[in-house]
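Sharing a structure here in C-alpha cells format.
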Amino acid sequence: MKKLISLLLALVMVLSLGSAAFAAPGDQADGKLTIWCWDKTFNIAAMEKAKEMYQAEHPDVEIDIEEVLSEDIESRVIASNGDTTTLPDIVLVQDHSIQKFVTNYPEVYHDITDEFDFSDFMPAKLGLSVVDGRNYGIPFDAGTVVAAWRTDYLEEAGYTVDDLTDIDMDRFLEIARDVKEKTGMPMLSGQAGAVDTVLIMLQSCGGSMFNEDGTANIAGNEKLKAVIETYNTMVAEGIFIEVNSWDEYIGTLSNGSVVGTFTGCWILSTIMSLTDQAGKWAVTNMPAMVGVDGATNYSNNGGSSWAIINNKDIDLALDFMQMYRNVDFYNEILPTTSAIACYGPAKEGSNYTAASEFFNGDAVFAKIVEFGDKVPAEVTGPYYYDARGNVGTAVTNALNGGDLDSELQTAQDTTEFTMGF
Amino acid sequence: MTQTSGRKLSMHQKQNIIGWFFLIPATVLIFWLSFYPMIRALMISFQGGRPTALTWSDPLTRNYKFLLKDRVFIQSLKNTFTYLIIQVPIMLVLAMIFATLLNDHQLKFKGLFRTCIFLPCATALVAYSLIFRTMFAYDGMVNAVLVKIGILNEPVNWLNNPSTAKAVIIIALIWRWTGYNMIFYLSSMQSIDYSVYEAARIDGAGAATQLFKITIPLLKPIILVTAIMSTNGTLQLFDESVNLTKGGPANATITMSHYIYNTMFQNNPNFGYAAAMSFVILILVAVLSAIQMKVGDKRE
Amino acid sequence: MNEGAFKKYGKRTLIYVFLIIMSIISVFPLYWCFISSCNTTQQILGGRMVPSSHLMENLKNLFAQQDVLNAFKNSVINTVLVLVLSLAICSIAGYGFEIFHDKGKDAVMAVIMMSMMVPFVAILVPLFQMFTKMGFVNKYIGYILPSLSTPFLIMLFRNNARTFPKEVLEAARVDGLSEMGIFVRMFVPMMRPTFAAAATITFMNTWNAYLWPKVVLQTPDSITMPMLVANLLSGYVVDYGVVMAGVTICTLPTVIVFFILQRSFTEAVAGAVK
C-alpha cells in the first residue's frame, strides 16, 4: 500500500516536472516570430532562406519555423476556435482553404489589404485569398498547371512535344488514341473520385462550381458538363487510367506506365526526383477545352499562401513578410525547393532563365511563370470542399452509367443542402 | 443474532463507502474530461452558424431534422451498419477460435502464433493502408492470385466498385481487430482451471462441447465487453474509411465518423450539425449496448 | 498407427497449417513494411517484395530529416505515464464497481459507459478550449489526462473481477486484510493475465494515439512517433523508403512489448475457477 502511494506520488512529481519543461507558446515574448508550415524540402526550406535573409539585417529577431502538417494547422485553428493564444504568428494555408478559414474565423486572420502591394502577382492566384474584397494571403507557391510528357513514348508513336503544345481537346484525343494504338500506353492517370483533372479543365475555360454571388453552380453548368463528358470519354477509352490512391498515381509516373500528366507544377519536383528518367521529359501547356467559351491552355491546381495571425507580433510578422516582392528570394529558393513564384518579375531571376538539364535544356521555370499569368481566374468560396466532394460523387456515378444531368442535379442539391444551414 | 446482523449491516455500509472511494478517481476524471465537453457538445448540437458565433437554432431541433434529409448521412448510416452486421460477428467468432486453439497447452510455438495474430493491430495505419490498397489494386496481388487459381475470370477493380470496396473494408477490419479481441479471450481463459478441460476430455467431450459448455459460459462477461467495444468501435469507424477508400467510390464506403470529421475539418465547418450527428451515434451505441447488457450482464 | 492416432495426428497438422496460414496473412503487411524500409521509393511503388540494400541510406535520411530520438523519447515517456496511471486508476475502479456493486454503482457504470459512445471529434473543440484555459496545451499532462480513465479499461477490469472468487475475498476479510490490501495482495496477482492484456492494449493505443496529440502537442520538441511518420508523408515528394524506415521504428516497440507480455496471458494462475 505504502509502495503504491509513494509510486503515485513519484509519478505526480515526474508529471509536474515534465510540465515545466515546455513553455506555452501563448506567452511569447515580443520580438519572436513563430511560423507553421509543413514540407522540409519545400516551404520550410523557403522560410529558412527568408529567415536567413531577414536575420542578416535584424540579428536580434528570433524566428521559429516549426514543421506542422497542413491538416494539423487546420485542426489546431478549428480546435482553438477563435482564440489565438496557442497559434503562431504566420501560417501557411492551402489556397482553397483560405476562403473557408477567413469566413469562419475572421478574428484569427489579419486583413493585409493595406499592408502589401499585390500588383504583379498572378491574378488567378491572388483571387483565392481575397474575401469580400480584402486580402488575407500572401501568395507563395504557384499551382500553375503544366503538362509533362515522356518524349521517348511520344517519339515511338511519331509525335514530338510540339504536337502537344497549344492544342485543343479534339486534337489531344486524336493523338492519345493514336499513341495508345501504337504503344499501348494511356496518356494520363489520376485518382478516382478526386476530380483534380475535372477541376483543372474547368478552370482552364474560366469555369467554376460557384456563381459570383457564392451560390452553387453545378446543375446546368454547361462548362462543367462538357468537362465531365470529356473526362469520362478519356476514362472510357483508356486514355486516362483511374487509380485508387495518390501513391499509385505517383507510381504510374515513376514506373513509366503512362505517357504523362497535367497537373500543378509542383509535380515537377516528383518528376525531377526520377533521376533515371532525366532527359526523357518535356513540359508544355495543357490541351484547351472544345466548344465552350473562354477556353485556354492554362489552369491552376493546388498551391498555398501565407496568412498572418492576429497575434502579439503582427508588426514583426508584416515586416518579415516584406520578402514577398524580393526577386532574389524567389530566385534563391528555386533550385532547392522548386517552389515557383506567383510574382511575375521573379521569372527574370537567373535560376528561372537557366536551362534545365533534366528537361533537355528547356528553361521550364520561366515558362511556368509565363503560363501563370494566363490562367483564368476562378470563383471559389468557403464551400469549395463540399462542392468538390459532391461533384466527385457525380463524376463517379456518371462513369458507372448514371445520367450526368441528374447526377449534377443531385450534387447541386447536396451542396445547397449544406449551404442551407 | 440481532446484534450480528446489525454488525453485518454496518460492515456492509462500510464496504459500500470504501467502494465509492475506489471509484472516485476514475469517475471524477470521466465526468470532468468527457461529460463536461459532452454537455457542451450537446448544447452545440442545438446551435448553428459560424463556429465562433454560434446561435440557437430555430427550431431547436433544426440540426436533427436536417439529418433525415441528408443523403450522405443516410448513406453513411447504411454503410456503417453493413460493416457492423457482417464484421463484428465474424471477427468475434474467429477471435474465439484462435483463443481456443492457442490456449491448448500441447500446442508448440504458441507465443509465436499469438504474436503473429496480434500484430495486425500494432501495424501502423500508414503501412497497412498502403499495402491493402496495393494488394487490392486492379493489377494487384489479390486479383493475380484469384485469377490464377480460377476463382475469378477477370480482375476486379475492388476499390472502385461500391460492394467490393465495402468488402475490402470488412476484410481489413477483420484482419486488423481479430487478434486484438483474441487477447481478451485468451487472458480470461486463464482464470479457468485447465484441469476442467482435461476432465471433460476424459468424459468424452469434443472440442465443440468444451467450447460451448465450459469456455463460453465462463467467458460471458468478457464476451460482453468485446461485443460492446466492437459495436462501439464499428459505429465510430474512421481509419479504414479515410485511409483505404476515402469514403469512395461516390460515398459508397463512407462511415458516420468520417462524415462528421469532414463536416468539421474538411468542408465548411458546421459544429452544430457535426455534434448532432455525434449524438445520433451515442444513441445508437447506447441502445445496442443496452440490449447486449440485458442479454449478457447478469451476475450468477 | 491406429485410426484414432491418425485422426488425432491429422487434426493437429490441420491446426498447425491453419495457424501458419493465418500468421502469414497477419504478418504480411508488417513484413512488407520492414522489407520496404530497405528499398527505394521506386522499388516500393513498383511492388518489390524482397529487401535491397537501401536500409542505411533510408535511416540516414530519416535521422537527417527528423529528430527521431526526441520523438521516440516523447512517445516512451507519454506511453509509460499513461500505462502506469491508467492501469492503476482503472483497475481500482473496475474492482470497486464489481466487488462493492449495488444499484447506485451499476448506474454510475452505465453512465460512464456513455462517455465512450460519442466520437472524439465532437468533444475535441470544447476539450481543447478547457485545456487552453487551464494552460495544459503543450504539456505532458495535457496529453495524458484524457486517456487516464477510460470506460473500456474500467469495464474490462469490472467484468474480469466477476471471476474473482468470493471465498478468497471473504477469507481475506476474516484475516483482517484491509479492502485496499485485498485489492493489492489478492486481486492484482490473481488478475495478472488481465493486467497483461490491458497493458498491451493501453500501450498500443497510447503509442499510436494521433488525433488528440497532434492538436494538444504543438511544439516541435513534443511530437510523438506517429506524428513524425505523418510529417514524413506531408510533402509534394514523398520518400516511401524513409517513411517505411520511420514506420518500422514506430512499430517495433509494440511488437516487442507484446512478445514480452503475451506469456503472461497464458501463465497458469493460482486459484482459478474449478
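Residue numbering begins at 1 within each chain, and the chains themselves are lettered A, B and C in the order written.
Just so we're on the same page, a residue touches a chain if its C-beta (ideal position, glycine included) is under 8 Å from a C-beta of that chain, and two chains touch if they have at least 3 such contacts.
Model, not experiment: these values are computed from the prediction.
K.L.:
Among the chains, which is located farthest from subunit C on the basis of C-alpha centroids?
P.N.:
A
K.L.:
By the contact definition above, name the pair with the higher C-beta contact count: A-B or A-C.
P.N.:
If we tally the contacting C-beta pairs, A-C comes out ahead.
K.L.:
From the C-alpha centre of subunit B to that of subunit C, how far is it in Å?
P.N.:
Between these chains, centre-to-centre, one finds 15 Å.
K.L.:
Measuring from the mean C-alpha position of subunit A to the mean C-alpha position of subunit C, what distance in angstrom results?
P.N.:
Each chain reduced to its C-alpha mean, subunit A and subunit C end up 37 Å apart.
K.L.:
If I count partner chains per residue in subunit C, which residues reach a count of at least 2?
P.N.:
Where subunit C meets two or more other chains at a single residue, that happens at 125, 230, 240.
K.L.:
I need the residues of subunit A touching at least two other chains; which ones are they?
P.N.:
75, 78, 81, 247-248
K.L.:
Which subunit B residues sit where two or more other chains touch them?
P.N.:
If we look for residues of subunit B contacting two or more partner chains, we find 51, 130, 134, 264-265.
K.L.:
Enumerate the contact residues on subunit C facing subunit A in the complex.
P.N.:
Touching subunit A from subunit C are residues 41-42, 45-46, 65, 77, 81, 84-85, 88, 124-125, 128-129, 132, 135, 137-141, 144, 178, 180-181, 184, 211, 214-215, 218-222, 230-231, 234-238, 240.
K.L.:
Which positions of subunit B touch subunit C when the two form their complex?
P.N.:
Touch list, subunit B to subunit C: 15-16, 18-23, 25-27, 29-30, 33-38, 40-41, 44, 51, 98, 101-103, 107, 110-128, 130-132, 134, 141, 175, 179-180, 183-184, 186-188, 190-196, 218, 221-222, 224-225, 228-229, 232, 236, 238, 256-257, 260-261, 264-265, 271, 274-275, 278-279, 281-282, 285-286, 289, 293, 299.
K.L.:
Spell out the part of subunit A that touches subunit C in their complex, as residue ranges.
P.N.:
Answer in residue numbers: 1, 4, 7-8, 11, 14-16, 18-19, 22-26, 38-42, 66-70, 72, 75-76, 78-81, 83, 85-86, 247-248, 250-251, 254-255, 266-267, 269-270, 273-274.
K.L.:
In the complex, go through subunit C and note every residue touching subunit B.
P.N.:
Interface residues on the subunit C side: 15, 18-19, 22-30, 32-33, 36, 47, 89-90, 92-93, 95-97, 99-102, 105, 108, 110, 112-119, 121-123, 125-127, 130, 145-146, 148-149, 151-152, 154-156, 159-160, 162-163, 179, 183, 190, 193-194, 196-197, 200-201, 204, 208, 226, 229-230, 233, 240, 243-244, 247, 250-251, 254-255, 258-259, 262-263, 265-269, 272-274.
K.L.:
Which of the residues in subunit A come into contact with subunit B in the complex?
P.N.:
Where subunit A meets subunit B, its residues are 71, 74-75, 78, 81-82, 100, 103-105, 107, 192-194, 242-245, 247-248, 382-383, 385-386, 389, 392-393, 396-397, 400, 410, 414, 417-418, 421.
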